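Structures follow.
After this come two complexes, each holding chain A, first together with chain B and then together with chain C.
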Partner chain A sequence: MKQLSLSLPPFAPDYSGVCSALFELGGMIVIHDACGCTGNYTGFDEPRWYGSSSEVYCSALRQIDAIIGDDEKLIGRIMEAAEEMLPKFICVTGSPVPMVIGTDFEGIAGEIEQRTGLPAFGFATTGLRLYDCGASDAFLALARRFGKKRETVEKRINLLGLTPLDFYTNGNAGDIRAAFLAEGYTVGASMAMDTSLEEIAACAQAQANVVVSQSGLAAANDLYSRLGIPYVAGLPVGKKPTEELLELLGRTCADGKNRIAASEKPGKKVLILGEKVISDSIRRCLVRDYGFEGVTVAGLFTPNAGLMQPGDMQAACEEEIAAEVNGGYDIVIGDPMLKVLLEPGSRTKFVDFPNPAVSSKLHWNECIPFIGEHIEELVKRI
Partner chain B sequence: MHERKAGNSLARADRANGCEFVTTLQYSSPARGGWSIVRMAMQVPESYQLFVGPSACMRHIMLSSMELKIDDRISWLSIREEDIVSGSYEKLILENVDGLLEKMNPRPRVFMIFVTCIDNLLGTDHEVFLGPLNEKYPDTKTIVCFMNPITGDGPAPPAVTIQDTIYSLTGDAEQKDRAVNFIGSNLAIGRDNELIGWLGQNGIESRHISQYKTFDEFQEMGKSALNIITSPLALYAAKQMKLRKGIDYGYFPVSYSFGEIERNAAEVCEKLGIPSPDFSKEKQMAEDKILETLKSLAGRPVSIDYAATYRPFGLARLLVEYGFRVDTVFASECLPVEREDMNWILKNHREVKVLQPEHFSMPGQIAGSKQHLCIGFEAAYFTGSPHVVPLAADGEHYGYAGIISMMEKMRRECGHEYDLEQLVKDSGLVV
Partner chain C sequence: MIKIALYGKGGIGKSTTASNLSAAFAQKGCRVMQIGCDPKADSTQNVAGGEQPRTVLDALREKGGAVALDDIVKEGYGGILCVEAGGPTPGIGCAGRGIITAFEKLEELKAYETFKPDIVLYDVLGDVVCGGFAMPIRGGYADQVFVVTSGEKMALYAAANIALAIENFKNRGYASFGGVILNARNVERENELVEEFARDAGTQVVKVIPRSSFVQRAEEQKKTVVEAYPESDMAREYLDLADRVLGICTREEQKNA
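So, the complex of A and B:
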């Protein structure tokens, strides 16, 4: 019964990832659905929604529109709203019903772009994949659209893969930026928190990219293959790992080679469940700064071969997550909702590390900053 | 493309054409929402819910259930693209529900399999799993329910079909009890309601789904003599109960009109063959309470939203008739029963704004007025006021007692401030 879940909620879906990635950029984002999918995103996956003026809409898809494939109604409504709201770009993203009827989102985006003259993106999100895929698609689309050859500016970097679904809104994004600024780098685009479409349009000036979550990797690969901008994957978490990451970045800026921050030996002391780049970075900190031995990382979301390290685990359903949580570790670090999967009488210590893509607003106020020396707060709880 | 006009930014109802509401791209404010289908269906005692569909469809369902701490009676089954393409969807449901029921002890009396929007397009044969499951587990009634907002503008949206499903589970009896059901309200009408009191004095019991702890007790709702429909959501269910169980019904919705309250009460009594009540004392109490509240508010502007009450225009009319300063009605539609009140407001009180909260121009339209008294969460969000009557779908309001309760809440909330963001979160309301 691998597809059955008794205790955990579904994790944030792909269309939430698209919306989250584009939320701050001044565009018009339309989820092509009846209303529930939009409610998922605005109600549970977007901590910036309250008080915001961002234009995220539901297309109000109805059965008859699905049956007759009436895309013109969708396009017409978008045109009407765009004429009044004057967005910087338009994004249309899918949900389960358009998946079933095979809606051509790229075609619709092309039509909208032709009629409005505004950049338009179409994403065939389905609600079957997870947020990291959607965010990855959105970042890749931004990179492809705006990443045009520019003159390189020395020590200028982009941050790729920032959304509140991974980093919440409690200062992590600013702390990442600050860590690089302190070493004399300038940050161009930080896709896509605390940034602008103009900064993203200038992303090709960067000497290197820093991939801060796996949703940034596809855009990084695109910018590397098309424009030769190399990347480093990792986060400045703790003292020694931050120094090492900066050292890697320096080498990458110098030789143009892609690098992923080094792995650590897995073991049964600690299990970290979560987003891959974040979990890897915390692992490095626990080992390098605090002397833990035997820290294993288990990815909870979409597996990414480019980031997997020897000994890494991956869970695809509640049954597998439960098996890992009960895998004989002394300490498990993960979203508080996973704690319920511990077997009765378990001697494993569970350390809460809320992840908005899992527990949403039920725990996101408990998210703790973990960049740089802020990681101490998590370590104190271990 | 033209420059955005500041004065053109608010969603507006077209007064010249009788306030036609328009369908646009829909904005969903952070304060939008109501009772989920889950929450409504969870009122069936000893029931269990399994949601089946793409995992995304269940995220808000599961999280809102966890917020309300009712997630011990709910789980979900994700379907994958290959399940859809291969047509193994029905088999997947059969195997998983069978496995789940096998392990449950005690088993629920009702096992609700909720399917989502895509089910409407897949041509699912529900009998493939319902037949074997009901045969194997005869003490558990396994049924299909629908969470398919894609049918939202049709005759059977999910909030309507779930009412039918819920009441189809009640018992049958040729000999009816001297009892009435109040259906369509999420909460039980207050026991201090004058109609319930009058019915009680005449030996007629009033029933509401929320009072039942066991499935067997719940069966008695099928033996009542009359269904009193308090909101349009339950109209279809009542018609079906008339056909299936022979229970008479009447649409006597929540009202803020003295005349309508009196007429409704008289019609209920006529249907039951009991004398009409004299509610002049209750009417006087309601009027006194309105006047006290008017004085207490001292000209403070009032905004009302349509998620708080099915009768926003009726409530607005009552208030303006007594001299309250109604500032805005937030509504996306006008029920037929409300049209006369809406037209009266449009004609006689042009100062009352009518705004569509889901209109595409509404993002960021937060007025920042700390003075408003807001009836409903969305009204509070758009006005920016901390003074909120936290009400959804009329709550337990009905009749004169409902008006009195509303006035008491309005007075109380004038002197109270909420953190609206937290209030919305705690309410468990979902889109």
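So, the complex of A and C:
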């Protein structure tokens, strides 16, 4: 019962993460479900959906299909649609019912690839994990599939871990790119917003990767272990932290070592609840640029041991989030939906920082750009 | 690492064959992991040294996310690593999903990387009744499937279903049909019937295991024949079976390399 949420909505699930990661790349994405999950993704987790031409389909799984387990029917329908739509790749991803019946997504993708000659990916998403796991699986699959040895181009980088579920569509992705361009870097693949499959196919030209959210870390580790491309984890938020991140990136390009932007001392002044890399970057900015002392970060999504730093916290359910929100902080920064967890009469100031993976379209139009100098807008509200 | 799955109709002698095969592999110096994939959780009872391992699903039920390898892997005769997937409460739940969950847990806990077995032997319930019980055939699990059968009609019927499942997965590059192990029940024209089935299924009869009272006597002591009566002819039959199975797996491995 610990997982029970009385006030919060379910956060964006893993299949939304897969779809969000692949949305802009010209592929055909099929969610194997009875329509609810596809509706959840397109209606509530994908701000780019309306007006887009991306191909996201529902397999319209029915009870009899689940009982019979007729993979051929699903494969046949996908083949038919692919002949008409001519996608660059095909992705089949799961939902709760296929999880229960053990649908073999990798096997199905393998058969589709054999028959169409197109790259095909299968993800055994369940709807029970969070979006960052699904996005991570998709980025890792792209890296493994397309990351083949190439000649390194000096000062070329990839950005790993971009989806609107973390960065929305209000310019954050472009601002991250701009921060590196201004320092003379070229950006190859920015997985996967404002990029193309061709750029991803050339990702191994990069001298280093920049992990911009926790969903980019698995791909970064793969590219490091197979091709020796090192990474830096962090975001250019504020002035000093941006300079420090660029300095770290320069060192990583020079010595090939992986680095995570430094942590700051936690404390009871401010609590930031959210995605780990984003929250860490905002913390650094509050401390280094604005002189806050005692800023703590609590990850809201899937715990990632590779990014945890001393003093960090992790909330796995509403009960734990409520305990942290009421942990005696002067200021709590988080999605507006978390505000309801503050105890009556609390003296803690709650600062809204909308997160599409939490409150979906209820607040995504209020998402604040936070890259570079844009962070000022959030600081003004504190 | 050689990965083998043993399938066959319920009650045909799969677990007896699997346990004796594991014991024979162990006697030849191999580190073996035997994974029982049957809700009854009785696959490893004759190699576990008298005390059965706690099933993966029972451990999950009791300890949730805190399950460790020590909770579910028990070392038995000859260092055989015994694992039982287990099953749901009888009459409710989903046994197939249980197998999937148990396999996912073993992977999550890095069981294969930790113990580094030379041979993994999946002993799978009766028939390939659903996606869950096909898991051992699928990618990353068994490389070779062996079917235990007698010449009885229902046993051959189940064997044909298993052959069909292997065939269905052929395009996905999964496990191959290693062969048929004839666990003799002394029915009329038994060898002939089983050989005919093997021919039709495009495979071979690996060995005929004769009936022997040593099997029952060893099981009464919760042991394999290989352990209880190592000098018996029957123990030699299982040692010979182990050689033949290993030979097929090695040949297939070389072919695929």
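By our rule, the second predicted complex is superposed on the first by the 381 of 382 C-alpha atoms of A that agree within 3 Å, B and C clash if a C-alpha of one lies under 4 Å from a C-alpha of the other, contacts with A are read in each partner's own complex, and residues count from 1 in each chain.
Going forward, a contact is a pair of C-beta atoms (placed from the backbone, for glycine too) under 8 Å apart; a residue touches a chain by one contact, two chains touch by 3 or more.
These figures come from a predicted structure and were not determined experimentally.
Asks: Answer with first, second, both or neither: which of chain B and chain C does A:Ala218 touch in the superposed model?
Replies: neither
Asks: With both complexes overlaid on chain A, does A:Val325 touch chain B (first), chain C (second), both or neither?
Replies: neither
Asks: Just chain B (first), just chain C (second), both, or neither: which does A:Ala143 touch?
Replies: Neither: A:Ala143 stays clear of chain B and chain C.
Asks: Of the partners chain B and chain C, which touch A:Leu246 in the superposed model: first, second, both, neither?
Replies: neither
Asks: Counting only touches as set out at the top, which of chain B and chain C does A:Ile29 meet: first, second, both, neither?
Replies: neither
Asks: Applying the document's definition of touching, compare chain B and chain C: which contacts more of chain A?
Replies: Partner with more touched residues of chain A: B.
Asks: With the two complexes superposed on chain A, say which partner A:Leu235 touches: chain B (first), chain C (second), both, or neither.
Replies: neither
Asks: Between chain B (first) and chain C (second), which does A:Val100 come into contact with in this model arrangement: first, second, both, or neither?
Replies: In the superposition, A:Val100 contacts both chain B and chain C.
Asks: Can you give me the overlap between the chain B contact set and the chain C contact set on chain A?
Replies: Correct list for chain A: 100-101.
Asks: If you look only at chain B, which of its residues touch chain A in the complex?
Replies: Result: residues 1-5, 8, 23-28, 30, 33, 53-60, 62-63, 66-67, 75-81, 84, 92, 95-96, 99-100, 116-118, 120-122, 147-154, 360-361, 363-364, 366, 421, 425, 430-431 of chain B touch chain A.
Asks: In the complex formed with chain A, which residues of chain C make contact?
Replies: Interface residues on chain C, with respect to chain A: 94, 96-97, 100, 130-132, 134-135, 138-139, 169, 171-174.
Asks: Touching chain C in the complex: which residues of chain A?
Replies: 69, 100-104, 106-107, 110-111, 114
Asks: Would you mind writing out the residues of chain A in touch with chain B in their complex?
Replies: The contact residues of chain A facing chain B are 1, 3-6, 8-16, 30, 34-40, 42-45, 49-63, 66-67, 77-78, 80-86, 95-97, 99-101, 116-117, 126-128, 317, 337, 359-362.
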